[in-house]
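In what follows, chain A forms one complex with chain B and a second complex with chain C.
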Partner chain A sequence: MTDVGHDRPGPVAGRGGVKEAAAAITVEDLRVELRRTGHDIVADIGFRIGPGEVLGLVGESGSGKTTAGLALLGHTRRGVRIASGSVRIGDTDVLRLPPAALRRLRGGLISYVPQDPSASLNPAVRIGTQLLETLEAHGFGSGSDERRARVTELMAEVALPTEARYLRRYPHELSGGQQQRVGLAMAFANRPRLIVLDEPTTGLDVSTQAHVLTTVRDLAATHGTAALYVTHDLAVVAAIADRLAVMYAGRIVEEGGTTAIFDQPAHPYTRRLIAAIPHLGGRRELQGIPGRAPSPGSRPPGCFFAPRCSMHVPACDDGQPALREVVPDRRARCIRAEEVLTLPPPTAGRSTTADEPSTADAVLRLRSVCCAYGPVQVLHDIDLDLAPGECLALVGESGSGKTTLARSIAGLHKDRTGEILFDGHPLEGPARARAQDDRRRVQYIFQSPYSSLNPRRTVGQAVSRPLEIFGTARGREAEQKATAMLDLVSLGKNYLDRYPDELSGGERQRVAIARALVCEPAVLICDEVTSALDVSVQAAIVDLLARLQRDLGLSMLFVTHNLPLVRSIAGRVAVMSLGRIVELGTVDRVLRDPRDAYTQRLLADTPSLETASA
Partner chain B sequence: MSADVIDVVAVAPDTPLEARRPLAGQVRGALRLWRTRIGLALVTMLVLVALFGSVVAPHSPTAFVGAPNVAPSATARLGTDALGQDVLSRFLHGGTRILGLGVASTALGLVLGVAVGLIAAYSRNFLDDVLMRVMDVILAFPQIMLALVAIATVGPTAWVVILAVGLTTMPRVARVMRGAAQPIVERDFVAASEALGESRFRIVFAEILPNVTSPLTVEASLRLTYSIALIASLAFLGFTTSANAPDWGLMIQENRIALTVQPWGVVVPAAAIALLTVGTGLIGDGFARAAAGIDRPRGEG
Partner chain C sequence: MIAAEVPTARRRRSFVTRGVGGFIVRRLLLGLLTLFLVSLVVFAATQALPGDPARAILGRGATPESLTALREQLNLNRSIPYQYTDWLGGLLVGDAGTSLAATRPVTELLGDRLLNSAFLVLCAALVSIPISIAIGAYAALRRDGAFDVSSSLITLVLAALPEFVVGVALIVLLATTVSNLLPAVSSIPPGTAPWADLEGLVLPTLTLVLAVTPYVVRIMRASMIEVLESEYVEMARLKGLPERRVIWRHALPNALGPTFQVIALNLAYLAGGVIIVEFVFNFPGIGGALRDAVSTRDLPVVQAIAMVIAAVYVLTNLAADIATILVTPRLRTRLR
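Coming up: the complex of A and B.
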């Protein structure tokens, strides 16, 4: 089914007139704007999706991908309206329908799968009842027996148990992956023509994600449903989508077959985006994209990507380039698209090497560390050594205990037994009980930069406060040191007086890194520091951390669930599952030749670009 | 990494003031609302009466200017009260006490309530339970009853009124503050401060407190409204610092028998108390709406 969209000539939006029976849905010239200012959020959106085809709509946060996805259902957020365009399903134009007809359409002809399944299911209603209600609301079948049969059929289709006992469960009695399957079953219940999926696997583990992705693909193919898969994750899109539309600043900048785009992108933004993705296959430095996507109302007159583009020429500033067919079945919004196509594939990057470090003089030694939350033990007898100047990655799915381990090293988890030796002496459980110097030399960077900075403190206050606590510097001297540290993480002096709310996620994480480094630590613990960030920002942050780790000779424990990311930063990797370390070795060895069954499964389930272009 | 490869260089052009100075943003947002402006006008007017009323009063508040319960005349513009004293002069003198006691007792209640609420929220252990159960016990009794017991036992001096009203205000503030602080203490910046070895006192009052200023301002004006009403009630029941002191609450009680003959002695102080509580209430409502972001034009938030 990968060939569904590839062999057909590329549809060109805006031409109209020619009716193709094959196209399940056609979107033309869609424009969504802010009510108050009239600035467009997305504009000039046009594509078509064939029956059974999956179109991946990819973009970073703020690109307008969700706005565009919701507009297909005739829905907008508050303060936003659909200004023009058409979304045609057969002869019906969704955007011209009166509200009552639109309501009937949703969940029937068109359906939607939201990002967070736990928020979209009614917590007080049994899942079987919710599925029946969806069918009843749209008058599915002739009687309740037929509807019940359909529910059973649906449960089987999404690979959930079909027995009555399971249908009597409440949403909270299901895991996140199961909830999302129920969400999928609901969306497919009335055999829709079009289904919009808004990052439905974002909160899920890789293995669960792999199952959900397969389910979506199979369901779309068997029912001949056109699917729009909205996501920021290129690797996921590579695994599921037949065709790809890349969005930037509210415009589609490139559209074409998935494999073809990954092999040879025609737009510089797509190219940079692919270069920012970590690969399982080859060790390389990640490349971020400089600058920030312009927001509605402050977009440049020429090509929106021009200010950040490395291929920028003066002609780029002369008006917005049109989305045009560059080669058959490939449209791109770039005046130099032909040149971009001839560049070497973006996957080639510089490579770095790593040797097996000696752990004889380890700076951090963990000996039979156990942790518990009340009666539940989450870590079992962890032994781990961290060599000076080494970067060790700690990989595992959610619930594997990797964050608990990281937090107990930082003194943020109190219920611990076993020994953590730092520079030869044992560390106390809670940070408050530790020696001041130990607190200073073991630093921790949190997962979410939105939560780890006090919104009422300026960047300057946040970065200079550790200096005051540890008595390193005060007043002007502290400010100077803070400025120097901000400089090191590529933030200028003008950031000193800003508040976290004024910063992007990437900037905030840089501030958090500066706050940790200003203490001059020996050990730096990074807990999923990029999981809340866009890929291009993630690449820049990982690149920064790798450089700092090398230049400052830091020992680093890099906690992540993202296996491909490990290659770009770590020398050794420890794989955790159910509170135990199941495999430990150099990154090259573990990723090439995994010995533990769990690691093998993790590797197999990780979506990657290699499988897409294979 | 070259210096230009950084995810952000541009400055967000139109950062709202709310992000930079949350309190200033809330004040500005509240002042955009008519309810806040009206409330502010009422309160300002009555505060001016309380502060400068004694200067412009035509008579001494305790001087006898005529026969009891006489209708308004040239000497007594609002007539005389049950003892033949000038109603206008007593009204102009009578606001100081109610306003002073109201502000002082509310301030006391706020300081204690904030401390108890934030410490309880941050401790997350048995201390939380102990503190909040003590608050529940105080809450179980009507505020006016506890105040009456205290005043009846010790006597109606100013500091007893302040203590009694302040201490009964405390648990109400504490509950709101604990609720507001609970999501804040779970955030990572609190853990980050702990990992750095920041003192508990500083974490509670320098890291957490600045994050709960919005509900605090709302609560402050709400509690002020209640305190004023409570102190007026106490005065109405006869618990004033001295027997014949000019006081709006006491005036209502003294003159209520003659309501049909000489209504001014009751109507004027009653209206003043009503307008003062309505005014502080409107201000509090304005702040609450500004904090919650309702009443904003569509599409702004």
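Coming up: the complex of A and C.
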């Protein structure tokens, strides 16, 4: 098992390691650090990508994946500098280039596709101009006619209209998916050797995401362009990447072929990460990773993952383990990697089946509910029952009306007709017009825990405030109840006096859950509560919600765009499209045997580990 | 999301409610309403001034008979609503009444002075706007550098100084004690165009420029910094555009929008601030006229000047909004 060279023949030769000579890009020993303190953000980064190959750089927020991606273009954000290392394309070392040569290289040999196309296209410049200037800056072709022809060709390649009228549009006149296609066209404009994609599908609907992913794959393969795909989404990476590099706390902790890693991870972090992502295939409990990744400057002396690792042994704290070849074409930064490899696949989990609940005594009954924003009707004749103690998932893409429906149940959307019966009596449209007890018993958790908590209130105040408003308890009694509730969401008593900005995203969302549950609601509405969180945190939150829902007998409406997530929490699912419920049934039935054409398409477009490795 | 996809553009609407033209028409109507409200306030305020205009004109030695006769002549004994409608009706046809002190039409009395003041404000604007935009943008590009730090400090100090202090300081420095390069007073004889004596204009213009520039510099710097940190500027650099194009095509136009608003506020402020500066330099503009009119209870003149300044406010704000719309495509789409 020792001393296996790079030039080995292997069973995975097609997706295998890239030979030095053939590599489109070789990164070695890259280190990027904070200018002020000298603490590294990423260090010891090295990989190769072959022509036409896609390398997925995976990590959670703060892992340094974007920093590493930008460094390939010789670029850093403010206050950060590239300290050492080399990024070689052919004979050129990107990091040794003088500024003028570096400018010519960017957008020429190496191009970049940013995360948020709506923010990275200039709002005041027509998209045609933005494409043309990319070609002009690199002296593409011999004249403006040739460049115009190239723009037309590019627009066709990314499946956008090619006519002049469309090119005269401003970015805000395009949808998010169209904007990202323009971003892709721009990146491929000068036929680069390497393209760095920084989470280009975050914020896009699954069907749009599927189109963008296909486009990237096809373009990379057709033009022999190497691609670095930076993302936090393992399911996406499984769909697009030939090889994977997993990052944790500024280091690559594992690298190898995508399928091989998903089948048999060699690093405990990778293993936990895979266990944290929801699967379409079978119902199972998600396992989060407790604790959080150390930030630059506060990393432990030994293995950075050691404090959170379930396989931790004393030897882990004796210095940073090296990234070493464990088996052919697999490198891992763990002293127990051989053991990790032999563990059973992380996909196994407890399986549960849910029966169709009886809705005869539904706690919430919606009849012909319609909603409008001004003259535009966004919900059409919604009929829906929520049984006591049931978790119903409401799934749809953006614009499907799922959040509007959730908000109108909570009384946050005024312009509503039809009937919402709660415990047999109708609820008024606006929450303000409802009886106090109705308001208390229908609770809402918002998408972003960063904006739903008042930054000037401590956690204790935030959680005990509803008790005072509803007159349930005050003073010491309220504080005791708040403490008990914080215990229930796995936040200790010592969180009482902390302010939201001292908490991580996951901790904040736990506070928001505690604030909703302290009211002892009958119905809990969760609006995309995990979409702003990392996968390992998402898993922990979903696990918590599922447990609380079961233990407290809550009726829960779980709004999400993430279809696989539904498996892990809900019994029934309602699929929404264009303001209507197009399909309703048990999660098992709908995911196994979707009957509506829209649900079928949604399922087909949803990237997941199973479809990728199949 | 769904709302955006509904073809609102196809709904038929009249010119008045559509496009940039409709926007201007609507804003002009609103401006007229503003001026009407201002006229009410101005008229009420001048009525509330203590003292009797007739006595102020005729002096302490006037006989009761002559006072009565003058009040009759000036309509001062009519009801207040009559006086107001009479005055407003006159304004609408360009007749601002007769000056009580000079017994000449107000328009004739103010004509030259308005031109003088307008020319002074125009000079100050033409000098200060490009300079402050350039300084602000350059400071943002050299953020935390020597130029940025020193320009921040200087603009902060200037912003804290009232303009009469600046004016007096300039006189001391350039026109009297320290050096004698420029005239300390600007006298434009009646009937002469203000541009006939450019030398006399330098110090008043400079004072106004120094009063206005700090605010525009600071907002331009802040707005430019925000734009330079934006993802689209980062993207423009990452696709290898020359720095010159990144700044001129991608950064500057987006930084100008917010700056236009501040420029408008400052121009409107200039129209009022000119009064003090004119006093310092004895400049024959509306500032001097206003001061004289207040001291002689010459109500028609006071009212006319107040209305002119209000109109300047309305028009500059409108101009700034139009300019902002022209550099912001998103706003243009919304108007369509």
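To be clear about the criterion, the second predicted complex is superposed on the first by the 595 of 614 C-alpha atoms of A that agree within 3 Å, B and C clash if a C-alpha of one lies under 4 Å from a C-alpha of the other, contacts with A are read in each partner's own complex, and residues count from 1 in each chain.
Methods note: a residue touches a chain if its C-beta (ideal position, glycine included) is under 8 Å from a C-beta of that chain, and two chains touch if they have at least 3 such contacts.
These numbers were taken from a predicted model, which means no experiment stands behind them.
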Touching partner for A:78 - first (chain B), second (chain C), both, neither: both
First (chain B), second (chain C), both or neither touched by A:444: first
Partner chain in contact with A:170 - chain B first, chain C second, else both or neither: second
Partner chain in contact with A:38 - chain B first, chain C second, else both or neither: neither
Comparing the two partners chain B and chain C, which touches a greater set of residues in chain A: B
Contacts of A:426 with chain B and chain C, given as first, second, both or neither: neither
Contacts of A:301 with chain B and chain C, given as first, second, both or neither: neither
Which of chain B and chain C A:90 touches, first, second, both or neither: neither
Chain C-contacting residues of chain A that also contact chain B: 78
Of chain C, residues touching chain A in the complex: 1-3, 6, 229-243, 245, 249-250, 253-254, 327-330, 333
Chain A partner contacts - residues on chain B that touch it in the complex: 1, 3-13, 15, 19-20, 22, 187-189, 191-192, 194-198, 207, 210-211, 297-301
Chain C-facing residues of chain A, complex: 73, 75, 78, 103-108, 111-112, 114, 116, 119-125, 133-134, 137-138, 170, 172-173, 186-187, 373-376, 378, 398-399, 401, 578-579
For the chain A and chain B complex, residues of the former touching the latter: 34-36, 78-80, 287-292, 294-295, 298, 410-412, 431-432, 434, 436, 439, 443-444, 446-448, 451-457, 465-466, 469-470, 490-491, 499, 501-504, 506-507, 515, 519, 534, 536-537, 540-541, 543-544, 547
